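Order of writing sets the labels: A, B, C, D, E and F. Residues in every chain begin at 1.
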Amino acid sequence: MATVKLIQYEEATPSVKAVFDDIKMTRNVPDVNNFWKSLANHPETLQRVWNNVKEVMGDGAIDSMTKEMIYIAVSIANNCSYCVHTHTAAAFKKGMSDAQYQELLAVITLASTTNNIATGMQIPTDEQFLK
Amino acid sequence: MATVKLIQYEEATPSVKAVFDDIKMTRNVPDVNNFWKSLANHPETLQRVWNNVKEVMGDGAIDSMTKEMIYIAVSIANNCSYCVHTHTAAAFKKGMSDAQYQELLAVITLASTTNNIATGMQIPTDEQFLK
Amino acid sequence: MATVKLIQYEEATPSVKAVFDDIKMTRNVPDVNNFWKSLANHPETLQRVWNNVKEVMGDGAIDSMTKEMIYIAVSIANNCSYCVHTHTAAAFKKGMSDAQYQELLAVITLASTTNNIATGMQIPTDEQFLK
Amino acid sequence: MATVKLIQYEEATPSVKAVFDDIKMTRNVPDVNNFWKSLANHPETLQRVWNNVKEVMGDGAIDSMTKEMIYIAVSIANNCSYCVHTHTAAAFKKGMSDAQYQELLAVITLASTTNNIATGMQIPTDEQFLK
Amino acid sequence: MATVKLIQYEEATPSVKAVFDDIKMTRNVPDVNNFWKSLANHPETLQRVWNNVKEVMGDGAIDSMTKEMIYIAVSIANNCSYCVHTHTAAAFKKGMSDAQYQELLAVITLASTTNNIATGMQIPTDEQFLK
Amino acid sequence: MATVKLIQYEEATPSVKAVFDDIKMTRNVPDVNNFWKSLANHPETLQRVWNNVKEVMGDGAIDSMTKEMIYIAVSIANNCSYCVHTHTAAAFKKGMSDAQYQELLAVITLASTTNNIATGMQIPTDEQFLK
């Protein structure tokens, strides 16, 4: 169903296998998911995206689980079905509780509501926010 | 510039003034911002939205500042200029640090990138995520 | 501020003037707005879009004012500032009342909310809707 | 396929059953659809959204069928597959004719076209619309 | 699964058959795809859209294959699954190489990233771009 | 108006100045634009984004000017005002003609139209495109 072939571990080139190994080890999973198998068609992009993910998504000033919640928020707003599924699973795996999940959805839907109100009435930004 | 009149506190009906007072007291501000002044044209909606905001945005299983960060994420993805300005200010006011802000933006932009990749290659969701 | 020059009536070619005249007469206005002045840089597109507008936006199985309300809804969801302004004005000019306007905004914001919920939880479409 | 369990009527808590009963009675259907079964995981949100729907979607200054058409418009622009299916069915059920449906789609697609043109050429909003 | 019936060639009216014949001949295919079968429910729209496609998508100042790449870009950003599939196939059929496809996806994802950065930080457009 | 300070060349740290110098030299401009001045608040992101831009946007299997046209397409669909302005200017600077620009806009608007039609009628992807 993808527009490209899904490259399985066994058929991957050595450089792709190296990235797959790093993902599997970092995430403690037996196999990489379809996202990485699709990206494997272009090893440079695969490498660059995986490096970005490692650099951005670990614990930092914001903890890793909260970062997954933010990721879910963007993916819902952008309507990316694949990403909503995978990052929701990731957030739960990193410790998101049912209560947190429900609050997350409540915040996201409230935000879309007020986004629409602001756009609908073309509300001018208050001076104080324009420094 | 709005499609409706901005209702100032002095010209508001008593029921609208009551909501304005509640906002000012809850947020510890001298005046409500343009969003509420625009909504004031329809007192029922004003009341309902403010109630939703109070119900959803306070500290809960997710703390209030993190909720603002999620709000920023949705507003950026939805491209709502007004909301990006106001909620960025709110997040800083609730204690978001510059480091957290930068990490927030990094997560948001990474999410949009991978959203696009998933959509671009029409990547099928892995079985394990479809329960 | 546009990426193209706004072509004023006086400087327009005869074929563009003809379209401008048709717009002014159909809408009973003294001048066309910036949208048409921008499109005038490409007379074929100007002609095609104006023809589409005339064909689609008049009274039909759906009346013209309701069509403007639908137009506002799409423009808000697509976040087109220019279109929100112009079509809100058009809807009021065609008889939309304040009560209808408020209900329109309420429906739009509710729709965005439930769109988000459906996407957020990746709700599968019920069999009955898939015929 | 949803990220949450679909709660069937038989397994629902009494408060959720009460909301389900209200939906079934109001809509004259034998069972609620997947949207409500998903929301049932969070009874407060279920209650709040159902209340909003009842409050906003009935006949008012805008009739209920027209409100469904507006809902379809937003759902298409927001690309919500679930909502497009369910609200298209609802609109037909409330009396939308094939001719109205086709005109609705024509208006929606024309709106997206002109939204793009306005954004593409960054057309400045005319003074008259900025009051 | 569509909200309308897919009209097959055999059951089409003469005017619809004429458009189907034109599509099949222009594209050198044995049957039209589901997009046209769905549009066939409204012959005027079918005719207008096909005319637009013929007028816009052929070789011009921009060659036809590059136009398909642009089409893919818009369809990804707009998250249209159907269009991503069909136009990706069309681009390959018109000669897009794997290297071009990968570069196309790289540009699209980079664009979404910087779109988000600009929106996230509400970056003001430099004077030089506002003429 | 940005949510961050715009860092001017004179006040930049040495590492940021180094990136600014590279941008100015690569693009043959006397000063970097506001996008880079905003990103300069986070030197790691500045460096990473600039590296991505250099890597992705030069002549390759797709020439650099065509890449700018694709960038415009995504930025319009994503409604990023800043990016539409800057990349339209960049495309013209790299040799895009008025005729190409008009065709670009025509393709983009046609794509949005058909995206909407496909979403509106929930058209199922033909088997042949699902391999």
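Here is the rule we use: a contact is a pair of C-beta atoms (placed from the backbone, for glycine too) under 8 Å apart; a residue touches a chain by one contact, two chains touch by 3 or more.
Predicted model, so just to flag it, every value in this text is computed and none were measured.
Looking across D-F, A-C or B-C, the interface that copies D-E in more than half of its residue contact pairs is found at B-C.
The most distant chain from chain A is C, comparing centres defined as mean Cα coordinates.
Rounded to the nearest 5, the angle that brings the Cα atoms of chain A onto chain C is 180°. Comparing mean CA positions across the assembly, the chain most remote from chain D is F. In this assembly, the C-alpha centroid of chain B lies 34 Å from the C-alpha centroid of chain E. Centre-to-centre, using mean CA coordinates, chain B is 27 Å away from chain F.
Between chain B and chain D, the centres computed from C-alpha atoms are 22 Å apart. Shared interface positions of chain F, defined as residues touching 2 or more other chains, are 1, 3, 52, 76-81, 84-85, 102, 105-106, 108, 110, 112-113, 115, 117, 119-122, 130. Contact residues of chain C toward chain D in the complex are 1-4, 33-35, 38-39, 49, 52-53, 56-57, 60-62, 66-67, 69-71, 73-78, 80-83, 85-87, 89, 97, 99-100, 102-104, 106-108, 110-115, 117-126, 128-130.
Chain contact summary for the complex, chain D toward chain A: residues 3, 41-42, 45, 78-80.
Contact residues on chain B toward chain F in their complex (touch as defined above): 79, 84-85, 88, 98, 102, 105-106. Within the complex, the chain E residues that touch chain B are 72, 76-77, 79, 81, 84-85, 105, 108-110, 112-113, 115-117, 119-122.
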